[in-house]
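These notes are about the structure you will find just below.
Per-chain residue numbering starts at 1, and chain names A, B, C, D, E, F, G, H, I, J, K and L are given in the order in which the chains are listed.
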Amino acid sequence: MTQSAAKPIYVLNGPNLNLLGEREPEIYGRATLADIEAACRARAQSHGFHIVFRQTNVEGELIGWLHEARSAGCAVVLNAAGWTHTSVALHDAVKAIAIPVIETHLSNPGAREPFRHVSYVSMAAKGVIAGFGAQSYLLAIDAAAACAAPSS
Amino acid sequence: MTQSAAKPIYVLNGPNLNLLGEREPEIYGRATLADIEAACRARAQSHGFHIVFRQTNVEGELIGWLHEARSAGCAVVLNAAGWTHTSVALHDAVKAIAIPVIETHLSNPGAREPFRHVSYVSMAAKGVIAGFGAQSYLLAIDAAAACAAPSS
Amino acid sequence: MTQSAAKPIYVLNGPNLNLLGEREPEIYGRATLADIEAACRARAQSHGFHIVFRQTNVEGELIGWLHEARSAGCAVVLNAAGWTHTSVALHDAVKAIAIPVIETHLSNPGAREPFRHVSYVSMAAKGVIAGFGAQSYLLAIDAAAACAAPSS
Amino acid sequence: MTQSAAKPIYVLNGPNLNLLGEREPEIYGRATLADIEAACRARAQSHGFHIVFRQTNVEGELIGWLHEARSAGCAVVLNAAGWTHTSVALHDAVKAIAIPVIETHLSNPGAREPFRHVSYVSMAAKGVIAGFGAQSYLLAIDAAAACAAPSS
Amino acid sequence: MTQSAAKPIYVLNGPNLNLLGEREPEIYGRATLADIEAACRARAQSHGFHIVFRQTNVEGELIGWLHEARSAGCAVVLNAAGWTHTSVALHDAVKAIAIPVIETHLSNPGAREPFRHVSYVSMAAKGVIAGFGAQSYLLAIDAAAACAAPSS
Amino acid sequence: MTQSAAKPIYVLNGPNLNLLGEREPEIYGRATLADIEAACRARAQSHGFHIVFRQTNVEGELIGWLHEARSAGCAVVLNAAGWTHTSVALHDAVKAIAIPVIETHLSNPGAREPFRHVSYVSMAAKGVIAGFGAQSYLLAIDAAAACAAPSS
Amino acid sequence: MTQSAAKPIYVLNGPNLNLLGEREPEIYGRATLADIEAACRARAQSHGFHIVFRQTNVEGELIGWLHEARSAGCAVVLNAAGWTHTSVALHDAVKAIAIPVIETHLSNPGAREPFRHVSYVSMAAKGVIAGFGAQSYLLAIDAAAACAAPSS
Amino acid sequence: MTQSAAKPIYVLNGPNLNLLGEREPEIYGRATLADIEAACRARAQSHGFHIVFRQTNVEGELIGWLHEARSAGCAVVLNAAGWTHTSVALHDAVKAIAIPVIETHLSNPGAREPFRHVSYVSMAAKGVIAGFGAQSYLLAIDAAAACAAPSS
Amino acid sequence: MTQSAAKPIYVLNGPNLNLLGEREPEIYGRATLADIEAACRARAQSHGFHIVFRQTNVEGELIGWLHEARSAGCAVVLNAAGWTHTSVALHDAVKAIAIPVIETHLSNPGAREPFRHVSYVSMAAKGVIAGFGAQSYLLAIDAAAACAAPSS
Amino acid sequence: MTQSAAKPIYVLNGPNLNLLGEREPEIYGRATLADIEAACRARAQSHGFHIVFRQTNVEGELIGWLHEARSAGCAVVLNAAGWTHTSVALHDAVKAIAIPVIETHLSNPGAREPFRHVSYVSMAAKGVIAGFGAQSYLLAIDAAAACAAPSS
Amino acid sequence: MTQSAAKPIYVLNGPNLNLLGEREPEIYGRATLADIEAACRARAQSHGFHIVFRQTNVEGELIGWLHEARSAGCAVVLNAAGWTHTSVALHDAVKAIAIPVIETHLSNPGAREPFRHVSYVSMAAKGVIAGFGAQSYLLAIDAAAACAAPSS
Amino acid sequence: MTQSAAKPIYVLNGPNLNLLGEREPEIYGRATLADIEAACRARAQSHGFHIVFRQTNVEGELIGWLHEARSAGCAVVLNAAGWTHTSVALHDAVKAIAIPVIETHLSNPGAREPFRHVSYVSMAAKGVIAGFGAQSYLLAIDAAAACAAPSS
């Protein structure tokens, strides 16, 4: 399956995810963000895709990357972390994108505090995958690959 | 990967899903439940698992199947449809199960009516996959297989 | 007016309605469900329709009958009783039906306890008739007949 | 059935209904208020009743008509339109009347915006008929006739 | 105490109060509005005041009278009935008046339905007297007289 | 009017009212509680009644006095101050009393903070007088006298 | 005390209670439902009563048993489990029964998740016993026996 | 720019606005309604439009004017004052109009009491201009002129 | 069964319960608190326990008794009456106690006014018994004895 | 009108507005941000003002520009896009500015999703102009010019 | 710094605080109230102040002490414990005091159960210090000293 | 007390605080942020600590500093200003830090607008100090020093 000329899948990470592996491991697991990036790259490869993998604590930067992905990418795997529940700006950015955006979470927000039960990303996204730790990303890569290349 | 002696994955479907392919296709897609069953079986096979695939419009029957899966199954893929948002009894049944339960939806409830934004299943489940049409089931099978056989 | 070859009107009744005539007569009146069935049959006859008249305390059975009515009936008169206010599954079943569904109640839910002020059936039904005791059913039959045979 | 000496049924219409047939026909249908009046008169006739048919955009006028109907009428068919959802004064006027008041709507308020889900009229009325377009009025006339002359 | 040259106290009554004595006497008592007017006139007289006593079912008329009272009256006794709980316009009219406005009710709204627990009049009024039947008006006249003539 | 052998009117005052005249005079006025007691005594006298006048900061003491008034008094003027809005125990004590209880306030709670808009006393009291400063008590004495001696 | 000719006490159990002893023992204890049945039978015997003891995961079946108990039983001990908090249909069934219904729970719902703080059963039941594990049932049998045979 | 043969802009004012300049000038400014009318007329003139300028305290009258404007006007500048926040009837009238309706306020409701944060007019209007005192009207005239004559 | 050397069971009663037998007998029954004390003492005796039985209208006194029971008692039967629904201080006192506290009510709060549906005691108690009149206390004594002496 | 030495009007744009013309044109129109900038510049010119026109996806940058405008500008036209509904920080920045800030939107947030009905900007702004597409900016420039140069 | 002739700082403690050191030490720490008193005394001394240190479980007693402190003290450190969230009476007592009142808590109520998120004390206090265990008191003494002697 | 080799206390300031002294001085006081920094430095010095003092208007920068402080600091004094009430991302950053974080405010949010009554920082912080103007910072330094060096 050689589709490597295709546009890449963007894997975009929001605030505090740079601490992964150190912060509240009983909730978020022990894999670091670098571990997850490597696993995502391998999984995407197996579907014939490249990835662009980034993290930021600045909301505006994430919005900019979503704008970039509009034309440069074929799909987005988006873990917006805390902004998921508060950012209408992010919601608007996702709404502005025609390619599929897959909402992704390490933990299951629906099983945590009430203020994590609202998702502005969900209201605009193609689908959601949450609760499988680092593996949530891999399933999301699968989903993104399938959405981006339905006929392959 | 020959794990076929392992316990099966239960794929359990709630009310109205027997109408799949006929009912509101612009929301739920055109695949029938039989199409989905066949695809799930093939996907599970590729991970070395069998599946038990069932649908019911009677809440008590679904609760009974969850009880059965406690000892007879290795994981559950659960699309509880309308009960997702109203049934504390189902919530208790999921809570009573030690094996992983994967909440699954064809559409993305978070992007639909407000009364679909509460999920009693989510509060007790391992994780959620939603919004990818028939493919949500395949990703859920992948997740279930990974949870059930982490060391494989 | 000889339309007796037409598909029947389904008159479907939810939980506790089998007790009609015995239970809280100051709210629900003294007619039994059998009395109502007879009156409905006569009224439908006068419009040239047959009826299918059923009652159940099992939600899944009612959902099944709604599915059956999709192809076998021309309209549904639905008194979902207590489920009216709690069942998203029922809402989805009504949504899945192209023929008109007339929500019917003996008493006027809007004039009773607050938890009867929300109706998941109403959000999907063609119309509502409530508060006229046994006569609510006859008016609903009239409405169903008119909806089902607008050109007659 | 010659009851023409009986008191008339009042058919009272609230704000904006004078625009019927022109305003949002996809919701309210194409019949004008004059069409509805004629159909109501004929239907009432068939039950041996006269009608008094009026429309106003002034809440106080409608309250006055309800006071008048207390002694001069035998029943009221009331489409209070937008006031249904906001007027406690109207609620009090309906409460003050011993003859049956039938709440009537062209569309089904329960299937529209949330602010139409509360009905102050419903909390005081005998019953509700809603969602059948112009035919809602005819069914309401039937119900009013039956309430007003139960032994006929 | 001869203050009869002073400006009158306005006693203004809202919707349905013309029915007093006939409507729900177990809540509102058996005195008619004319009885109350006579009693108010006598009581005001004893304080050296005239009164202007009116009733209307048209909100705009009541607003107009409040505007009139601004310059022509020395105080207002206001029983806004059902509008008490719904009219921001009335609230604004009371806010626009410098002379004291005494909110008055025959029954005690705080002990009735929840939708009578909010009072837009109360948020702008000088004080409240409620629950003493016709005598509420007399106590309100006393209060109005005391407010209007603090030094007498 | 010599009714002095009659049972007394209890005038009971809740927390912080001992500070009257010193505390927030722009809200509560400059009269002290002793001033009010004297004025109440005189007013009651003019109706042929004695009074029992007390104040406490201890809720249980006020409850005890209400119990005492059940048999020893003919009516109660009750300014429960802050407890008005929080004490179900006080509500129950008022409910337990057959003689009329008149809820009284110096200021108008309905025009103050939202947490003063709920009154547990009001739900059980005969009536309310509020917003006239020290004069609220005198009007309440008038009301109590009228309730206690309707035929005098 | 030989009352064995009397009608039996119905002990009715809702969803998931068949798992008792296995499911979340830290909340529900280690006694199985069979253990509880035996203990109930013995306790009832000591009061001179027989029992009918059943469990179901199907709401409609429980409603049917409540209907049966109306004429065949002298009291009901009802542990509706998850339906307690969601079923208006069950509420209506309890309302329809003249014999005393005792709401019973192993754990104390008031000390658990907020969605367990509403009880539709409680709004219609005679009384509640909750929080004593298996012993809740025995206390409920005592209460049922006392209600059913007050003069014994 | 001579468009004076065009249909006029309706400038419609709701309750209490006749008091402008006298009532709460710190909120609403010192300009009278006549001042505003003159300024509006001049501003409209500069765009080549006539205006119809009216005020009423009777809701039904305002509804009638909106109906009139449907065919006789080219746009509406609507300051519904207190009804903005409470009138569904007004909302329906605005909905029934095809020409643009510009919601206008002297003050900024979003910066005032919570009950002014809901606008039934806004849900149906073309746009909103608020917070500039008398100048809000002039900006609204500009907006109305632009909407009505986009190609001029 | 001679356990009389054991620590006593505290039976603690909150506000207004001293009026028992006189106050609202249709809700609370005709037994006096002295009757209940005697019955409790006998019932405890039959389990080999002494009791300490007290009532107070002063919240602080009840808190003090709960502190005393911490070391001097083996269990608490607590009817906090009106404070049940309002006192966080009481909640904290119950939380501070290691011995079992049994919440007890004569009537069934869940079937009364909404403000009795919240229980701060319930959130911290071992269990609840409510709705059986004076017998609620005897069942609570049984429960307390069983909790305090599980192995006897 | 030569006021070109005056301080400029700041036109500040929030997140996603750089996509204007491409993103959801049925809501936001087809004009690009550069088109709007040119039109604003011309309109300001006609009033004798310069403008500073900027866009950012970083909230902190927008806050900084508002601080800069405090002393360097004469007024602000602010389209905060998605932050409008979520940013208290922005609210505080607007509050901190003495020069007039005009809230501006292309669409009418009040007529869109509920989460766009709250505006933190509105609570602190001078006024609002919304719903006129690109022309909203021009009206806002007019308003800003009028506010900044009232005597010109 | 010799200010010992100054008025003392009142340190007032509410319900259950006498159990400090024994009750829920994981939340409230292991220091006893006597330990805290000693530490406070020393800290106050270092600022040149005496203290009055008291605890009560009776709300009325605490209110009385606040009244006493009005004239006898220079500042109040107030830990109202459970009453913080429920007592409007206490709120009024704090409002009645001109000297600064510092709300103090051992734990951080904002991080605990929702019913601890409302503070009636906070609405009237000068400031809040919470979450530092016993040290909260010392910081509060500092704050009180600074408030009471700003120029020292 | 020479502890200067210890890790510093981070004093981190959120949006708009750079304007301190100029912006709304009636709420925030006249001290500039530089004044506060100097005072903090002196106060920390007196405890043997250095400080790192920073301000930003960019949320991501503040999150980054909190991450830095995790290993480089011994405590954090955090005035998150407007983000306090809206940022779940900040909440997560505070949660991720083991060293104590002290929420600090110049004014008392609990006494201001409702949208300042929710604090996401508070839900994760060690404690809160609010309402003492610039001195809030000094008290927070004291608290931080005490937390960081409990045994000194």
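In the analysis below, a residue touches a chain if its C-beta (ideal position, glycine included) is under 8 Å from a C-beta of that chain, and two chains touch if they have at least 3 such contacts.
In this text, all values refer to a predicted model and were calculated from it rather than measured experimentally.
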> Through how few touching steps can subunit C be joined to subunit J?
Replying inline: 3
>> Using the contact definition given at the top, which chains are in touch with both subunit D and subunit I?
In response: none
>> Give me the superposition rotation angle from subunit C to subunit K, based on Cα atoms, as a multiple of 5 degrees.
In response: 180
>> Regarding the subunit C and subunit G pair, does the interface count as same (over half of residue numbers shared) or different (under half shared)?
In response: different
> Could you state the distance in Å from the CA-based centre of subunit C to that of subunit D?
Replying inline: 23
>> Centroid from C-alpha atoms only, then distance subunit F to subunit I, rounded to Å. What do you get?
In response: 32
> If you average the CA atoms of subunit D and of subunit L, how far apart do the two points sit, in angstrom?
Replying inline: 64
> Which residues of subunit L are in contact with two or more other chains?
Replying inline: 58-61, 86
> Mind giving me all the chain pairs that touch?
Replying inline: A-B, A-J, A-L, B-C, B-G, C-D, C-G, D-E, D-H, E-F, E-H, F-I, F-K, G-I, H-J, I-K, J-L, K-L
>> So in the complex, the part of subunit H that touches subunit E is made up of which residues?
In response: 14-16, 18-19, 22-24, 56-61, 81-86, 115-116
> Can you list the residues on subunit B that touch subunit G in the complex?
Replying inline: 58-61, 63-64, 67, 70, 86-93, 95-96, 120
> If you look only at subunit K, which of its residues touch subunit L in the complex?
Replying inline: 108, 110-111, 117, 119, 122-123, 125-132, 135-136, 138-139, 142-143, 146-147
